[in-house]
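Take a look at the structures listed below.
Both complexes below contain chain A, partnered by chain B and then by chain C.
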Partner chain A sequence: MADKKKARLVQARRFLSNGKFVFGGIVLLLLVFTSVTAPYIAPHDPNEQDITATKIPPFWMEGGDASHLLGTDSLGRDVFSRLLYGSRVAMFVAVVGTFFAGLIGVTLALFAGFYRGAIDNLISRFVDIWISFPPILLSIVLMAVLGTGLTKVALAIILVDWTRFCRVIRGEVFNIRERDFILAARAIALGNLRIIVKEVFPNIVPLLTVLVTLEMGIAIIVEAILSFVGLSVEASVPAWGQMIALGRLYIHQAWWIMVFPMMCIITSVLGLNLLGDGLREVLDPRLKVLGMK
Partner chain B sequence: MNLKYIFKRLLYMASTLFGVSIITFFILRVIPGNPIVMMLPPQATQQDILELKAQYGFDKPIPVQYGIWLKNVVQGDFGVSIHMKQNVMELIMERLPATLELVLVATGIALLLGIFIGTVSIMKKDTIVDKLGSLVAVLGLSIPDFLWGLLFVLFLGVFWHFLPISGRIASMYTLETITGFFLVDTLLRFDFKGFYSAFLHLILPAFSLALPLTAIVIRVIKSSLLEVIKEDYILLARVKGLSEKAVVFIHSLRNALIPTTTIVGVQFGFLMGGTVLVEIIYSWPGLGKLAVTAIITRDLPLIQGVVLVLALIFVIVNLVVDLLYTFMNPKIRYG
Partner chain C sequence: MSDPLLSIEKLRIYFRLPRGTLKAVEGVSLDISRGQIIGLVGESGGGKSMVGLSVLRLIPEGGRIVSGKIVFEGKNLLSLSDYEMRHIRGSDISMILQDPLTSLNPAFRIKSQMLDVLRLHKGYDKKEAELVAIELLHNIGIPDPEKNIYKYPHQLSGGMRQRVVIAIAFSCNPKLIIADEPTTALDVTIQAQILRLLKNLSEEYQTSVLFITHDLGIVANLCDRVAVIYAGEIVEAAHTRELFLNPKHPYTRALFRSIPRHDRKQEQFQSIEGMMGIPIDWPDRCKFYPRCTEKLDTCEHTESVDFLAYSPDHLVRCLKYQ
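Moving on, here comes the complex of A and B:
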């Protein structure tokens, strides 16, 4: 018992002494915090327009107003409040998009990698066709088909990005399948499904965790891309990508409308990438030796 | 390298494109928003709509429509754009050089910058250059190309008016295209001012696309250099008394270039279809911008054409990368 506790402590220390993991973790926690508490901590209604107070600069600049910390946009809406609400959209697409893309990709990868043969051929073939589509264009076409809306954005992300999981995990399952403990499981006549769930799956979890953090960052970027071409959430939903697209029109007069949501996206994606890097270093020391820092 | 393998790959390629075309075709048929209705004035009658539908073949069942489309495509006929009333293939060929020029220059920048930073940070480990290299690698991967594009527009185009941020060349140099590559066309005419203008216009969009790729190149170079450096023949080179520079540049780098070529090749394929936002930001008249216009106007023949051409480029690039890889690495021979 004591040994187990000690092992856990050592593990925790390894996580906490990894700077990338800590930074990424803080960013993720902050994202979760703002997306949950946005309605309580936002100083203004994100959609409240005020034509008498448009393009007010951030508070530290001349003409700034302390009640609008990061200024207002071209319709007089509070940029800071919109950023807080925007984190909800980002978190939604990141969590929902990643979860289902991962679910589809991993399930197919487990079957393809474990059974090989015809099943693998079929799945791999489909993946090959699917990745030949230019991903950005595919997501834009899908949004044109699905129509705008938050769940539609998540759906487009799922439909485009499941292949990322499928390709990487399939290769890993290929390797795991040859290991001794799988042979042992077969020797004691465990069913295939049981081997996949109980023996193979736990062994792809470290790799999967890393993929998940990376995909969350990608999902946030894809939402921004779709917003940018005007095919994302409804206009009434404040989202970072939309704020950037709007801010771009006023880039000469009011840089803050565009810059702050950009900083939000960059920080989030950077945080999630570093979290993934940190996780990889801690969970799989083998990779570190190979120099995959 | 044997012909049988190449033939097998070509067959595989053709079937991939076939799959892509089927999927695109059927996805596009369920797109809401009727391109025909969008073409006609609001007072058009049902009769007008039906007539125009028949004219474009949209009145037939979808599989039949696909059959007709495929038959024409195989003969090199991608149909006529509904919105622009122009031959789809002509439209694509007009825009393709712009995208290709941009992507080629971006890839070149990424390779030069990435190999330089990667090797230097391995040779001078844990110095400022190494740390700076890691920073570039992390930022490059975390900031997508279109955000780089917007940052450059903001800082170098708006705040300092440093570089042009719109189009391919200053408007006074409008020229008839020879190759479609403005850098080449201007030189062929000995128009050095035009060349300079085209060059300036390329810088920001090319760097926007290049930075994420640079980050990838740095990572690959570093990890493969570290791997190679432990090999026996590198030890031998050291024992022979070669300088550290010679060891890194002549012996190690050559081998590190194999994985780099593979990854950059694959990324080049992705980049050809990934220039959409950078093209919009910099008003670059390329394929990506054409595709978005086509999607927004529901120009079905044009969307199909662009997607298929981009998929074709993607699979060809991948095939070439694979063949190059076998060619460069004598350890691998596919049967």
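Moving on, here comes the complex of A and C:
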């Protein structure tokens, strides 16, 4: 038992000594925290307008007000509170969109990669066709058809991005199915489905972890783009892209309306990408051998 | 003689490729008696692995068993349903592959990989299976099995890993084990240990072994009988001692000559001239003809040489002995 504890400690140290992983992890935790607790920690109702207090600058600037930490927008709404609520949209889309995109993509990839032949041809050609639409255009068209709303944004992201999982994982499955332990599994009479689930799937988990974090970043960007052009959530739900679209009109008088949501998006996406990178370094045994931490 | 445990009869395995038909295995016949260790020797690409895989009906996609029979305990394996076949795999016939690093799943502990077979074929519950697995590891010479069973494959050395693979292969008391170059990926000292282990286990459990290798040196110590395969055809088969003392086929002789020996002064390593090549659409004559140093004038135009008995128990496929 002492050995197990020690091993866990060594493992934990390896994760924690990776700067990218730590930074990305903190960003992710922060996002989860704000999106869960937004109603409790936000100082104002995000939609509360105050015509007498529009475009108040952040508190440290002249004319700033401590009750509006990051100032107000052109309708007098509290920017900080809107950012907190905006993280809910971002996280919902990142988590739900990524989960289902991954589920669809990975399932199809496992079948395509494992059975090859006709099944693979069918799935892969379909992916090829799907991918040949520009993703942003496809999501805009989808939103126009589906209408606005949080679940619909997530659905659009799922429909656009499952192909990314499918492509990458299929290649990895191709690779794994040729390895001897698959033959060995057949030689002890395991069935195909069991081989896929028990022998192949665990071996794509490291790659999948990385893809998931990348995809979460992408989902946040896509949502921001859609809400920027007004095709995402309803106007009553604060989202970062919307805030940027609004702030763009007042960029010369009140930069904070646009800059803070932009910083949120950049930090989130950068954090998630670095998390993916860090995870790859920590999880990939080959990089360990090269002396990387 | 009693009925053999496994009898391969005139097995043909073809691959249809864009360039033509690759005859990976062309009319191979082979008998294995109970408790016997048979060596199948040949160079890379000679079809020896295909013979091994075909016994479990696991030949790669694209390959087709065109004709022949594989009779195991009176049943023709080639005519069984997939369901019946799965009862045989891992239970009556199991397999040891070349590289223990790749034949164990890197994502799982040794324990779960061992329990898979035991639970599937023996119907043990988790607890029983674990006890049996630990017992097996102990018998197979893994120190501290209670602890090592919780390790991942990469935490064990190559020799240890191959011991685990052998333990899995023997875990359901199979009647036949197909060992496809099980020691090629190991260094020589470990190789000797693993071979001794395999031989002891085979004697202890009365398990027959089809031992596939390119190394004649291994065959000498391990096998009861040896078959030499070239380009999908068995060219010579005999008792090990007979084959070593009295090799008849030019290919077998060439193989013996190419074993480096310190007692013969040689400037260079001897090798067999030329390459085997890929048997796609080859003319229907002795496959070794292009590289043979002992060929006769008649060889080129004589069709498909059949097995000739040089002595009752020593078969050769060569015109010289007709």
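Heads up, the rule we're going with is that the second predicted complex is superposed on the first by the 283 of 293 C-alpha atoms of A that agree within 3 Å, B and C clash if a C-alpha of one lies under 4 Å from a C-alpha of the other, contacts with A are read in each partner's own complex, and residues count from 1 in each chain.
Quick note on the criterion: contacts are C-beta pairs under 8 Å (C-beta built on N, C-alpha and C of every residue); 3 or more make two chains touch, one makes a residue touch a chain.
No experiment lies behind these values; they were computed from the predicted model shown.
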Just checking: does A:Arg116 make contact with chain B only, chain C only, both, or neither of them? Give me first, second, both or neither.
second
With the two complexes superposed on chain A, say which partner A:Asn203 touches: chain B (first), chain C (second), both, or neither.
second
Quick check for you: in the superposed arrangement, does A:Gly191 touch first (chain B), second (chain C), both or neither?
second
Applying the document's definition of touch, where does A:Gly147 land relative to chain B and chain C: first, second, both, or neither?
first
May I ask you to decide whether A:Gly19 touches chain B, chain C, both, or neither, giving the answer as first, second, both or neither?
neither
Regarding the shared-chain residue A:His252, is it in contact with chain B (first), chain C (second), both, or neither?
first
Looking at chain A, does chain C or chain B touch more of its residues?
B
Applying the touch criterion given at the start, work out whether A:Phe181 contacts chain B, chain C, both or neither, answering first, second, both or neither.
second
Would you tell me which residues of chain A are touching chain C in their complex?
116-117, 179-181, 183-191, 199, 202-203, 205, 285
Which of the residues in chain A come into contact with chain B in the complex?
125-126, 128-130, 132-137, 140-142, 144-145, 147, 217, 221, 224-225, 228-229, 244, 248, 251-252, 255, 258-259, 262, 265-266, 269-270, 273-274, 290-293
Going by the contact rule set out above, which residues of chain B touch chain A in the complex?
16-17, 19-20, 23-24, 27-28, 30-33, 134, 138-139, 141-144, 146-147, 150-151, 153-154, 158, 219, 222-223, 226-227, 270, 272-274, 276-277, 280-281, 288, 291-292, 295-296, 298, 303, 306-307, 310-311, 314-315
Could you pull out which chain C residues touch chain A in their complex?
56, 58, 61, 86-91, 94-95, 97-99, 102-108, 116-117, 120-121, 154, 165, 168
